[in-house]
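Both complexes below contain chain A, partnered by chain B and then by chain C.
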Partner chain A sequence: MEAVLFFIAAIGALGGAIGVVAMRNPFYSVLALIAHLFSLAVLFLMLTSAFVAAAQVVVYAGAVMVLYVFVVAYVGGGGEPAWDPIKGQRFLSILVASILFVELSAAVLSSALLALGTHGPDVPAGFGDPAAVGRLLLEKFLLPFEASSLLLLIAAVGAIVLAGRKREEETV
Partner chain B sequence: MNIEWYIVLSSLLFATGAVGILIRRSPMVILLCLELMLNAGNLALVAFSRSVGNQQGQVFALVVMVIAACEVVVGLGLIVAIFRRKLPLDVDDLTELRG
Partner chain C sequence: MLPFADTQFVEATWIMIVKSLVIFAIVFGILPILTVVERKLIGRFQHRYGPNRVGPFGILQPLADVGKLISKESFRPANAVSTLFILGPLLPVLSGVLALAIIPWGNVQDGVGLYGIDVPIGILYFFAVGSIAFYGMLLGGWSSGSKYSLLGAMRSAAQLISYEVSMGLALLGVIMMSGSLSLVDVVEAQGTIWFVIPQFVGFLIFMLAGFAETNRTPFDMPEADAELVQGFMTEYGGMRFGSFLLVEYMEILVVSGIAAAMFLGGWMGPGPGWLDPIWMLAKMFVLVFVFIWVRATLPRLRYDQLMSLGWKVLLPLATLNVLVTAVLVVTT
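Right, the complex of A and B next:
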């Protein structure tokens, strides 16, 4: 049962990822990424991390993707040329990525990591639920938590500065 | 399911995102492929956190999510700025900063 669910979610995630790369229209790429993110949330749930899965759906598939959809609607999905500007670019990049995949997998699987080839240790019932993760965030990782909130604020201000309309530029 | 299935899936997703960054030209789709790579990293972090039975990896994943949101906000702001200045939205044409 668990294996079936894993393979369904894995195929969803992989199909979404390939859709993002292969779709010519950026709008369809965004929709494929949303499917990918939902499949990843299922995988997170299977890894008993309920809070990360919920944050993935609410923050990522909800808020961030809405931002993408708005920008795609504003900018318009310009089609890309079907040909390769650099000869053999597609073939070469797929080759490089296959080498990357083999190398990453080999590096992890041949390592002496604990719990490889097992299901992982048995965890208590509250593992990864919002209360446990929230306690970690507000006690042990308070400084990174505050730093990331500051980073979000800086990013929001930066986006306003970058994309905001400037009066003097319009008159020029 | 054993942990290494998740790790292999994560490296496969990472490689897919890398293909996208290498072959696509629209800056928006390149940002989307960056998201794919960050999410592959997240999946690996959560899988490792499960494999050692420690929740701190999930906090890492949440922080990566925050970083991804910041990157999206700044990247989309740049794309809107490029669009407003009527420059082409194509990474092969945006060569002003090339040395």
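Right, the complex of A and C next:
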């Protein structure tokens, strides 16, 4: 049962990711990305992180992707390429992608992730609960948590300032 | 171990299957009744009789409606995208049925929890599955190949993300007061006082955002019959249109259920334990009546009014409510 679920979600995640770059129509790319995000949420659920899975769906699939879809459905349509390809783009992209793959593989393998085992890690009761995640964020990782929330606040204020300035120019 | 099996109370698999079937059967029995109840009530609000020809008092009207919708041709516009067009009405149904699982009809009685599931992420589950419904509307609107449908879908996109934030923040006060995300725990925490009294602002914001999330008047901009001819469902006919329509009632039931559990004490009420689900259902019906009452009373908002109400009134108010509640919870 678990294996079946895993393979469905894994195929969904990989297929979605390939679909994002392979689709010609930007609207289908966004749909593929949504499918990918939902599959990732299922994978998170199987790693007993219900909270991360829910946050993934609520934040990414529920809010961020809605904006993507909004923009693509209004503006998109595609057809013509946005810019001419750079010389040697194909060769460079393959090179950079393989470097990234090697780097990520090294990082994953050397971290000795417990979840890489066949049976998965032994987790304590309540692992991945909102309560457990909240305690970690507000006790152990308080400083990074506050720093990232400050960063988000700055980004939000910046977005409002930029959007507001444009409107002033238009009216003048 | 299954993903959601890490719940607070473990049951045998067959009990869970029976529970799901019972909840599904009861709710899908209620849905058609709800359509005729709404038409009857709106008739009364407008000094009409409402449907009264099919069966005694018109109660067989939904059967006639469904019979008519099923026997229609499944028409599809020539420039529609076929797969997405079919997928459109399916996603909201999926989302609605998934959300039903979380509504608590009672606590554990005789070894059976009277709810679909009681997950530790609780109310986050409701928001997570709720976000699926939006894609149904959007795919339906986009794939129809009609500008009315696209406009309706785009409006619903803007409306849903605007009001989802306020909806979540409105519930945060209740969650802080009860100290748990699980709906069963939230209801249990209302033994002394229903949260509608200390969290009245939260209740108002939740219900307003609920009208917007279910696309009901006064926030039915995505459908707006007069200007958009039903918005994202313009090109749909037959039972595909019917499922969009029935899902709206299912969403009303779900939002009423969540509101009843979070603010109106859920299954709490006098009488023996077996009355609990009845109490829950009664409270849900009171809220459903409010939905219908509001539809019969208020005109539709203009689009810019809808946006400024969401972002400039509800969101700051909800944030303030969270702040005040947080200070009170910490100090007392």
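As a working rule, the second predicted complex is superposed on the first by the 118 of 172 C-alpha atoms of A that agree within 3 Å, B and C clash if a C-alpha of one lies under 4 Å from a C-alpha of the other, contacts with A are read in each partner's own complex, and residues count from 1 in each chain.
Definition applied: a contact is a pair of C-beta atoms (placed from the backbone, for glycine too) under 8 Å apart; a residue touches a chain by one contact, two chains touch by 3 or more.
Note that the coordinates shown come from a computational prediction; the quantities given were computed from them, not determined experimentally.
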Which of chain B and chain C A:Glu2 touches, first, second, both or neither: both
First (chain B), second (chain C), both or neither touched by A:Leu45: second
Which of chain B and chain C A:Gly62 touches, first, second, both or neither: second
Chain B versus chain C as contact partner of A:Ser98, first or second or both or neither: first
Residue contacts with chain A in the superposition, chain B compared against chain C: B
First, second, both or neither for A:Gly158, with chain B first and chain C second: first
Those residues of chain A which chain B touches in one complex and chain C touches in the other: 2, 46, 48, 51, 55, 63, 67, 74, 128
Chain A-facing residues of chain C, complex: 1-4, 6, 119-122, 124-125, 127-128, 130-131, 134-135, 138-139, 142, 150, 153-154, 157-158, 160-161, 164, 181
Interface residues, chain A side, partner chain B - complex: 2-3, 6, 10, 13-14, 17-18, 20-21, 26, 29-30, 33, 36-37, 40, 43-44, 46-49, 51-52, 55-56, 59-60, 63-64, 67-68, 71-72, 74-75, 78, 80-81, 85, 89-90, 92-94, 96-98, 100-101, 104-105, 108-109, 113-123, 127-128, 132-133, 136-137, 140-141, 144, 148-149, 151-152, 154-156, 158-163, 165
Residues of chain B touching chain A in the complex: 1-9, 11-20, 22-26, 28-29, 32-33, 35-36, 39, 42-43, 46-53, 55-56, 58-59, 61-63, 65-74, 76-81, 83-84, 89-90, 92
Parts of chain A lying in touch with chain C, wherever the complex brings them together: 1-2, 5, 27, 31, 34, 41-42, 45-46, 48, 50-51, 53-55, 57-58, 61-63, 66-67, 69-70, 73-74, 126, 128-131
